[in-house]
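Handing you this structure, nothing more for now.
Going by the order they are written in, the chains are A, B and C; count residues from 1 in each one.
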Amino acid sequence: MASLIETCGLTAFYGDFQAIFGVDIRLDAGETIAVIGANGAGKSTLMRSIAGVIANRPEMILHHGEPVGALGAPDIVRRGIALVPEGRKLFPSLTVEENLQIGNYGRREAGPWTLESIYSLFPILKERRRNPATALSGGQQQMVAIGRALMSNPEILLCDELSLGLAPVVIKDIYAAFSRIRASGAALIIVEQDIAQALKVADRIYCMMEGRITLTGRPAELDRADIHAAYFGAETHELV
Amino acid sequence: MTTDFETMTTEIDGTAGWRIETHTRLSRIFAVLSLGVIAVLAAAPLLVSRGVVQDLFFILTMLTLAQSWNLLAGYAGLISVGQQLFVGCGAYALFGFVILAGVDPIVAIPLAGLFAMLVAIPTTFFAFRLYGPYFAIGTWVIAEVGRLLLAQWKALGGGTGTSLPREATREMFGISTIEDWLGMRSSAAADALAYWLALVLAAATIGFVYKLLRSKQGLGLAAIRDNETAARALGVDARRLKTLIYLLTAFVTGIVGALIYLQKGRISPDAAFSLTDWTAYVIFIVVIGGIGTIEGPILGVLVFFVLQNVFSSYGSWYLLALGALAIVTMLFAPSGLWGLISHRTGWELFPVRRRLRGGAIRQDEKGGPNG
Amino acid sequence: MNWFDTLLQGILLGGLYALFAAGLSLVFGIMRLVNLAHGDLIVLAAFLILLIVSSLGLDPFLAALLAAPLMFGLGWLMQYHLLNRTLGKDVLPPLLVTFGLSIVIQNGLLEAFTADSRRISVGALETASVQMGGINVGLMPLVTFGSAVFVIVALNYLIYRTALGRAFRATSDDVITASLMGIRPNSIFAIATGLAMMVVTIAALYLGIRANFDPTAGPARLIYAFEAVIIGGLGSLWGTLAGGVILGIAQTVGAAINPEWQILAGHIAFLLVLLFRPRGLFPRALD
């Protein structure tokens, strides 16, 4: 049975600058995989490639075995792949509720996620539904961004750097919601700089460095030292 | 306690041997050729018919307007569709000085330029509060205000306009000399005089623009064009530079306006402040020729002149085609004809890019040529 | 001079200017594009209405109803295939392309319809008047103003209470993230311009009824639309109505002092607002 998502030798460029050099990852139904790595490792580029924001060659990204690498974001969303972008990227001109509502503009699919169920997942949003979205705290904005992506009842949810700029207690609250998201049937790819959080929540891990996969495996099987080496690079100098 | 700082010598070898150049071999050849061209053009009134001299006058004045607009829009990023304000103000200033104050027309020309520049000063207060397309329309509105105000000036003909008195042009400074030396009648002599002034103006404008672009201010302009915020962060006084350019182009445009209407001899508000003649055609010339280059407007004005002569009898169809051509050019060849040529051939007749030449490259274990 | 009458005339004239400006305001709000051919498109719509009236013998209001979807289509095509290509960081392409478009439309109309001045005739309605508080108010200016209010109410409803309106606002905020929602920006821009052209059709109807027009009447309409938007402030349609009214009042007051000063008075009001309140009187947008 074909994987949900499979990338085959994925490369991506920003103009002349190559950000990813032949990356192969795989996501199967019901799985949660995490992509970890330092800043600039190419993790966000990977997400944006899958989400259709960056154009790639068609055969580099397969969805249920079909080549989708060259499709644009609107088409990818329609296929049931939703991105929670890095930095939240909420719409300042829209209220909290409107930001959620716009989530299913392109893909109106029956499913577990509606305004009401998202409000039950993140109750604070219901209280603040008529506020302009950017007036909320960082953690609450992250909840809106996740809810917005869920509104399209995606098959696959891509989460780019959820914990960026958030306090630890807030991060915990957000990840606590994850079990309900997974229970609803979605498969997840999360990008994280916080290794501990990633190890806790993922079924499998990919580690990236400088545009390449340096390590992959299940959290239980991976050694701290291996992860360290794969994350930072094999040669780390001692500081005098 | 002394440290080594005072006695430390810099290991950088200074700027020994390095220099910044802008000329290329082609541009040196072109410079020599253009001197020859100017000499031939200067002799034109002696060589060709009066009709051809008038055509050349048209080409030279449109070229000056195009170079000015190119400097304003292509380099300073100030896309004005209101330059007709300065054409009209310069022209009316000339008529005002001659008819109301009895000033010699030739003397009135630079005064007209000054008047246009003075008009530009308050204009900047209004226009610079707007950006992008709003700046463009704002300049248009201000030009309309100019037209409407001058149409109220009854002493200069109000809405219907007026003509320059014959005696004024017949006794212009320099006319009698030309009549004697070249044996021309006064009207032909007037045409010749206007033509020579236009030639000087065009050459001076191009020379000035070129010099400006090669100067420090020119570098600042290019930086502003690429990224104004970054340029400001580096200390480029964008506002001051743009104001300066705006005032200078107003001055030149005013002089052109005075010259054109001196040659025509008759003025009206609708003609002197015409959007079509002084903005639409000029924009067309710059866009077709190649915006943001000095070579572009030169090429553009020649193309325009040919099109004008061959097709203008077709009236609105001709204008429609010009408009469509401008659209197509902007979409598919945004660097214009000259852009297409220079991309293929790499030619630069007025090179402004700075090249670092000369000097020895030193390598030592500290890395890099100069430490 | 009857001040009250002049004021009222100015307010009602403002309704017409607000109609000119509403389409411009909508398009600029969504895609930061100012179409320099906007005024010429109003004139084009007026000629279209005239064409339908003369060839199908319809009442002008019905003709406008027919012309509106045609103008929507024209606007959609123009945006999707031509103007979308000009959108981007550079300010120059949209300005120059729409400038070229303005010239193309003007001269196209000149060839098709000659330079003769035209009018859209509605017979007795043109001079009909209504008694309001003891003065005679022209019926058509009243209807025009009422239409302007209706259009603004309708547009605001669209923008703030429908999914399409949410898509407009989201796209104007952030094109890339909007595409992540499944919004296709090129289509959204085309729909916005199409809608603007429908408003333009309404404006054209009232323009043609009120005054003579000819193929070169476009640029002046663009300037009034533009002045109304700037005086009112970017980002607010009600502000645009206010801007139109202020412009209208300035013009009628100027005309009452000296008929030759009507347009100049409007320009001066515009320049004064620009000098003292550069963001307009009721700005809303976070430009």
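A few notes on this one:
Throughout what follows, contacts are C-beta pairs under 8 Å (C-beta built on N, C-alpha and C of every residue); 3 or more make two chains touch, one makes a residue touch a chain.
Computed from a predicted structure; not experimentally measured.
With steps allowed only between chains in touch, the distance from subunit A over to subunit B comes to 2. Looking at which of B-C and A-C shares more C-beta pairs in contact, the answer is the pair B-C.
Of all chains present, the one whose mean CA position sits nearest the global mean of protein CA atoms is C. Across the assembly, the mean Cα position most removed from that of subunit A is the one of B. Computed centre separation for the pair subunit A/subunit B is 54 angstrom, with centres defined by C-alpha atoms. Per-chain CA centroids place subunit B at a distance of 35 Å from subunit C.
Annotation: 44 Å between the Cα-based centres of subunit A and subunit C.
The set of subunit C residues that touch two or more partner chains is empty. Partner subunit C is touched in their complex by these residues of subunit A: 51-53, 72-74, 77-78, 82-83, 85, 89, 91-94, 98, 101-107, 148, 152. Put simply, subunit C touches subunit B in their complex at residues 33-34, 36, 82, 85-86, 91-97, 99-104, 106-108, 110-111, 219, 222-223, 226-227, 230, 260, 263-264, 267-268, 270-271, 274-275, 278. Listed in rising order, the residues of subunit B touching subunit C in the complex are 73, 77, 79, 81, 125-126, 129-130, 132-134, 136-138, 140-142, 144-145, 148-149, 152, 275, 280, 283, 287, 291, 315-317, 319-320, 322-324, 326-327, 330-331, 334.
Within the complex formed with subunit A, the subunit C residues making contact are 163, 166-167, 169-170, 172-174, 176-184, 286.
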